[in-house]
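So that you can tell them apart, the chains are marked A, B, C, D, E and F in the order they are listed, and the count of residues begins at 1 in each.
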Amino acid sequence: MTAMVLSWCLLLAQLMLALAMLCATWRVLRGPRAQDRVVGLDTLYVNAMLLLVTFGIRSGTQVYFEAALVIALLGFVSTAALAKFLMRGEVIE
Amino acid sequence: MNGWQQHLAILPIALPLILGAIMVALDEHRWRLKAAMGLASILAMLAAAAALAVQAHAGGAASLQVYRLGNWPASFGIVLMVDRLSALLLLVTALLGLAALLYALAHWQRMGAHFHALLQFQLMGLNGAFLTGDLFNLFVFFEVLLAASYGLALHGSGVARVKAGLHYISMNLAASLLFLIGVSMIYGVAGTLNMADLAARLPRMPAADRPLLEAGAAILGVAFLVKAAMWPLGFWLMPTYAAASPPAAAIFSMMSKVGVYAVLRLVLLLFGPETGESAGFGNTWLMAGGVVTIVFGAISVLGTQDLPRLAGGCVLISSGTLLAAVGAGQIAVTGGALFYLTSSALAIGALFLLIELLDRGRDLGADVLAVTLEAFGDGDDEEEQQGDDGIGVPIPMTMAALATCFLCCALVLAGLPPLSGFIAKFAMLDGILNPAGLGKGPALVTPGGWALLIALILSGFATLLAMTRAGIRNLWADLDRAVPRVGAVEIAPVLLLIFVCIGMTVAAGPVMRYMQATAASLHTPQDYVRQVVGRPR
Amino acid sequence: MQDAFYLLAAVLLPYAGALITALLPANARTVAWLAGGTALLTLLMVVLGYSDIAAGRIPRVALPWAPELGLSFTLRMDGFAATFAVMASGIGFLVVLYSRYYMSPDDPIPRFFSFLLAFMGSMMGLVLSANLIQLVFFWELTSLFSFLLIGYWQNLAAARDGARMALTVTAGGGLALFAGVLVLGHIVGSYELDAVLAAGNLVRAHPLYLPALVLILLGAMTKSAQFPFHFWLPHAMAAPTPVSAYLHSATLVKAGIFLLARLWPVLAGTDAWFWILCPVGLITLLVGAYVAIFQHDMKALLAYSTISHLGLITLLLSLNSDLAMVAAVFHIINHATFKASLFMAAGIIDHETGTRDIRRLSGLNQSMPFTARLALVAAGAMAGVPLLNGFISKEMFFTEALTAATTPTLLHSILPIAATLASILAVTYSLRFIHGAFFGPETDDLPKKPHEPPQFMRVPVEILVFACMVVGILPSATVGPLLDLAARSILGDATPEYSLAVWHGFNLPLVMSLIALAGGVALYRLLYRHLNAGIDGTPLLERLDGRRAFDQVMVFISWRFARALERLMATDRLQMQLRLLVCIAFLAATLALLPHGLAPGGVQLTPVDPVVALMWVVGGACAIAAAYQAKYHRLAALVMLGGAGLVTCLTFVWFSAPDLALTQLLVEIVTTVLMLLGLRWMPKRIESAGSGHILARLRRLRDLAIAAAAGLGLTAISYATMTRVSPDGISRQFLERAYTEGGGTNVVNVILVDFRGFDTMGEITVLGIVALTVFALLRRFRPAAESVGMPEQQQGEARDWLLIPAVTMRLIFPVIIAVSLYLLLRGHDQPGGGFIAGLMLAIGILLQYMAGGTRWVEDHLRVLPLRWMGFGLLLAAGTGAAAIAFGKPFLTSYFAYADLGPLGKLPLASAVIFDLGVFALVFGATVLMLIALAHQSVRRPRAAPPPPVAALPEPAAAAAGEN
Amino acid sequence: MRKLLPHPLVSAALLLLWLVLDQTLAPGPVLIGSIIALIGGWTLAQLDPGRPRLRRPGVALRLAGQVLLDVARSNLAVARAILGRPKDRRAGFIRIPLALRDPRALAVLAAILTATPGSAWVEYDGEEGCLLLHVLDLGEEEEWMRLVKDRYEQPLMEIFA
Amino acid sequence: MELVLALAIGILGGSGVWLLMRPRTFQLIIGLSLLSYAVNLFIFSMGRFPVGAAPILEPGGKGDPASFADPLPQSLVLTAIVIGFATTALFLVVMLAARGFTGGDHVDGRPPR
Amino acid sequence: MIPQAAELPWFAALPVALLLLGGAGLTLIGSIGLLRLRSFYERVHAPTLATSYGMGCILIASMIFFSVLQTRLVIHEVVIGAFIVLTTPVTLMLVARAALHRDRLEKNATVPPSINQPAT
């Protein structure tokens, strides 16, 4: 029973996260301005990272941990670079 | 075979890799050291290739040396396979590499960064592609040689190189993706990547999976044909080769042969006569594509005033000839084609080097003038004739040497006597007309065979026309040109390549025997497959 | 053995002489003696062989060359070959002698003699070849060396053009001959001359007879200047006169005739033979003779006369009559002697007077009487005056023409009239040659004061003219045996009875001769005024200009035709090339699949996971939107590409490939940053409302269809494969052996660094090479003028905006180092490894560059990426090579656990060292690329290059990359 | 000691990170982790030669608790704001003068404000020491001012003295 | 689920091919990137639909092919990713160099007339 | 279904389930905010729901799940949380600052002017 509940809750949580990704994607696609897309991408990264953690729970293994870890540590780099490009027109001065 | 000899196969890959790595780490001003290292490496490669060829040839009918990397069994590890074909191509590669390096010593080595390292990696890629017995590893080595070729094509930078390079890289990146698609499809249905293993599994493959395998092979073939510059996939070739620096272009004359090599190897290994339903897969297309490529190359050769483009056109003709010859699917033709491959690769390499020497000292206006001169009916010769009728002009030693070299290249490429091009062409045509051997059986010549015969003869004529025109314009007509300053180290590689062509003519017997033996074992891959797959760890 | 010696010597001596001569200094005069000696020795060799032939033996020698191809170097000298060999070497010797005096001291003479001797060798090889392929071999060599000889005065445009024309026509014909010989060999089953000659009936009955015949005749006709290929010969007169004397009397042009006669037993005797050759010969005979009359240049006159005589011989050969064959051989010999001497005489005149123009020359009989006598006799032979050799063979020709006329076709029946007409014309031009130059009043209006040439310059002419007379008076005693041997070696037992006598009684041929002589004199008188009026061109045939036609054809072929076809067949536009590539790949796969179709396999499908499906809604939307936005909204496209990449990465995770996911993610980050770094140098784009053109829309629609087809194709193939039962492939091995034999639990990593470590080595090499290339290319980077200035985003004032973020970005760096090393060290057993760690560390460095700027970072932290790369590659390759030291194949791995007491067991795997190399290289290469790009911004304040000419003005831009 | 351990806190955190990642306390990993922690500290010293002085760990702990609480609260508030009607709230910029000057301290403040839903750090001017904040629901500007200055800036100034 | 993966490959590939045929260099580079995603997933799919666990073994064990995902395509994709990364970087730089030399960003240097 | 779910006692499973739902819910609300909020500066707040308690809940769920399952302390998810807390401000600060910069360049009146450039 608990297994059932847990499984369903997990599935529900994953669906919510997937929907959250969808929302973020909408912002990426719609814009209207570049900064909106960047924020959208950043959110997409975070949502994806959380989805990865739930994948780990679902499969009961920890091999997905590293992927989540790397997104958490470095996922911001590309968005930061994008933001810097918006600000300065170049990423490295 | 024991001791160090057993490791000879890895040398053409490992040595340039290691020396290249050291060159990368060395400072730029150590170019003399780098040149010396490069030279040593190529000489060692040359020696190794010669030794491998001797070993392979001495081994009799089914001589194959299998080098199991990492000591893993052939079926799932990566193996190198040295047979006559790979040894031959290693040898040609080393020769061209030596020529390119020598030529670059004069000044090209310092026209951009890391020339020597790139050259080593280029040779490593070529050697690896010729040696590997694994499909995916072939992809990797294709990428190595392509990456290095991108570097060499762009060596020296400049508008023309970069513009051509963009096209070249785009096409080859797309082709590489096709390569991946093809390889993975083959893996998907056959479950293996080893070429010999693949050939062994092919007969047992379920009929329902066969179309997928053939589709994979077809896509793979398209990727190879881009590299071989088959029409209409090879429009990138002429601008790229024409823009590349001479040493790079000389090496590139081998690069287009890699595509042909891959086609040759795989077609015969996977779709040879005893593969049942798949036998002869794609031969007709190869033949047709090859012939059209010859025609296209001939037209390009005819239509250009520009020496580098002319040489590029010769590459196209050479590629087309080889593809069509592979498509003919006959041992005798393949043997001739291998002879042709060797001689044309060397001659084109020499030509690319020569072109720059010829262009040196020409004033820029000459080319513009030549276009109008081409309508050669204009009678400005009258007054010239009045002037100094009947007194010859001595040709400076340098020009004489250049002219002789140019003539030799032209003869080889047009397939005219007395050089190796003629023998090559004869061997192929004789094979087309008499597949079973001269006077043995009333073999029917296919329409494709006739088309190839006509295309070969006509392309030879076109090459002759274009080369004569170019030679006369560059060596005879341009009277007040300055005699180019040519270093010994620049003419030496040209002479080296031409001497090899001459040697192939004189020793046509033994050389041809090698080629025929190579072709025979390529066409009967069973021994090959048995030797690779049959031996357990 | 003896055979071998003199046959080989006959061919190789001239080449040896040529080689030695070529190496002599440019103005060595002694070279003539060397050349003359060589020629004489060659002649001696032929004569040595002649005794054997006379004894009824055919000397031969065979050296193995390429036996696999049925190709041996075989020489064979029968009577016919000997005849030609005598002519080639004998006249060759005389020409050398003559040249010694003819050529100017300022001419670079060794080159001349070298080419001449090489040509002689080729001619000897040609006539002595016992193998058809070998014959073609020497055939093309004669073309080649004649090209060099004709173009000897390469400073003259006429010489260049003449040489080129000769080579084009003769070598082109040679290629046809090559094809023809190949077909002939295919028919017979051998290229050996003996075998071919014995297979006449087989050949003539074969369906491929006609193609072979046409191809071979093409070769012969081009070489022997038969109509319509005759035009190259007069232009070859731009060569020094000795060359003309040699090439156009006895050798080059006779090669075609030689071939016709040589293959006569095999190819002749059919209607096709007659109907091709006879009209050609006839037209050549008549047109050549007619045009010759109107030439003002003595050499040109001789050239056209040569054409005419070649036509005559061809005509004789075409008649399918044995007697005509004998006549042809006889005329070959006669023509060689008188024509060579005439050319030499013309050369003497040219040499001593400075001109060859008959209109200017006059009365040379006074100043150079000896020469005049010699020329007179030779011209008489050419005209067919009795008691000279030309007369006898011409009589035989008339006889044959009359015999042929008994066959009731129009062509046959006009032959006697045509023969007489041709003879009339021959008399006319011979008369013009002699009368125009030697008779009439003496003139002062010459470039040089004429006088007799040096004694020895005349000797060759004297010898030849003497031969003309001796043969003309005593034919059977002199040339009889040679002719007999020659004819017999062609006709064999079928050799007919013939009589070589001056007087055959008063018969029809004699009448024809007399008519010709009288008619010729009359015609010359009739045309006298016209000829002396100095009008250029040939009456009635003004339009017939072979050279112009040739030029036009050449221009057409190499310009209009080739270029038009090239335009049609090729494109230099990348879009089209890529389109073609995609379409061809699609078609290739489709064609392969079509015969059997592509049905999905029978594997039980996996139920759809809504989460993944939703994920792919995201991925698909991002991909499509990126495709849509990439033109005008680069930044947006980049962001969307990031979205698609992220979903791909999630998919890898979902499908149990953590290593892939990690790598994909990191690569994605680096790529995004790289592209952003590059974006700074790209031109601004603003969306234009245009491009709504209907054609443009159609093109886009077509591309859309192609893209959709390609996408669907990929879908179909992957679906079909995924639904099939997996083959029992090699992957089982990896799973089973990864730990036990590879020493790692992360199977993917063990594959990467051990099982297929060789792939990895290649792959890191690729990365290294690319980094080097990027580095080299960027060093010469020249930004576009408009990108040189500061980006407009920096126009506005902004302070301290990076102050706070930079603190965090710096703080993160050690964290990144730690995590990167963590992933590196556990890679063999858990997800991670060299690639991932290397990329990660590179991103760490990148972050510092972003936070602090290039200068600041490089003041604080020095990374030497090239060293890292070299070290990494060396470590990886060295690990591989180290195995060799232990007698194991390259890349054989080794692993053990070192017991470090309380610190636990340390895994010692060579694969880990290999992975360390990978790490170093990936790190170095990535950093090198990033830094090289970043440095462009630092280099910015430099002089703006002038805008390149080719640049089109880009649409002016207002906004930044986006909106 | 300063040379060996230029950033003791960072090094300690790195060691901790290593051990958490490796999920072990065995001597081998501890040794490797220590080495890496040292290397990390040295590298950071290259980039950031300054040596921050942190004191008052009690204050720091209290601040952490406070932040956790605030974040939870504003999570709910923002969730309500998103799901509710836009008319009910007023978003806007607010400028806050700061006395805090240490960039590290500012970075912590930035992290806190960013992590707290409803407030976004937009601009900081170092010369004037002025922070521009964007707030989702402005309410009373004074309250925001007090929140930042008293609740976060004050303890931070104590910690980064 | 197989169809979802196949469609994903198709969409990525189709978008990539579309961009491949566009005239601007930047479109080309985005197209090549999308295509390499597609190809990577494609290679992956050639190991059959991956249902097993990640190919990470228990120490000392032998992997059972039935319960693990096929590791070989994974390693092939890994190689392909890295090579794709390298070539993308190279293409980018060549694209920049071409832009610098020709002044525009058309793949042929200048748009056709 | 989760393979190991059955091995989990209810006192662990329940919080895990709730935390997952809560975290995912917060994350979803945050992303919905990305859609619903009207201006960029408002939207910038939305993702912080995910990076604060949204993330926190899910990470704690994972920690509980694995710790109970493996009967040992599995807390390495903490590292993820730390990294997110460390890095999110960097992105958001940069993006917001960039947006402000661009708005100012375009003389957008809805944003406050630069502090040392008194309002015009």
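Basically, a residue touches a chain if its C-beta (ideal position, glycine included) is under 8 Å from a C-beta of that chain, and two chains touch if they have at least 3 such contacts.
Since the model is a prediction, treat every value here as computed from it, not as a measurement.
Where touching is counted per the definition, the chains common to subunit E and subunit F are A, C. Contacts with subunit B and subunit D are shared by C.
Summarising the inter-chain layout, the chain whose CA centre lies farthest from the centre of subunit A is C. Of the two chain pairs examined here, A-F and D-F, the one linked by more C-beta pairs in contact is A-F.
Centre to centre, using the average C-alpha position, subunit C and subunit D are separated by 74 Å. Measuring from the averaged C-alpha position of subunit B to that of subunit E gives a distance of 29 Å.
Each chain gets a centre from the mean of its Cα atoms; for subunit A and subunit D, those two points are 22 Å apart. In terms of their C-alpha centroids, the spacing between subunit C and subunit F amounts to 69 Å. Annotation for subunit A: residues touching 2 or more other chains are 14, 17, 19, 21-22, 33, 38, 40, 59, 63, 69, 73, 75, 80, 82, 84, 86-87. Annotation for subunit C: residues touching 2 or more other chains are 572, 574, 578, 582, 638, 656, 658, 679, 714, 717, 721, 724, 726, 729-731, 734, 756, 759, 763, 766, 769-770, 773, 777, 780, 793, 798-799, 801, 804-805, 808-809, 811-812, 815, 819, 830-831, 933, 948, 950, 960. Annotation for subunit D: residues 17, 21, 107, 110-111, 121, 123, 125, 127 touch two or more other chains. Across the assembly, chains come into contact as A-C, A-E, A-F, B-C, B-E, C-D, C-E, C-F, D-F. Residues of subunit C that touch subunit F in their complex: 793, 795-799, 801-802, 804-805, 808-809, 811-812, 815, 960. Contact residues of subunit C toward subunit A in the complex are 610-611, 614-615, 617-618, 621-622, 625, 635-636, 638-640, 642-643, 646-647, 649-650, 653-654, 656, 658, 661-662, 665-666, 668-669, 672-673, 676-677, 679-680, 790-794, 798, 801, 805, 809, 812, 815-816, 819, 823, 830-832, 836, 840, 843, 846-847, 849-850, 853-854, 930, 933-934, 937-938, 960-963. Of all residues in subunit B, only 136, 140, 143, 147, 150, 154, 157-159, 162-163, 165-167, 169-170, 173-174, 176-177, 180-181, 183-185, 187-188, 193 touch subunit E in the complex they form.
Those residues of subunit E that touch subunit C in the complex are listed here as 1-24, 26-27, 29-31, 33-34, 37-38, 40-42, 44-65, 68-72, 74-75, 77-79, 81-90, 92-97, 99-105, 107-112.
Only residues 59, 61, 63 of subunit A touch subunit E when the two sit together in their complex.
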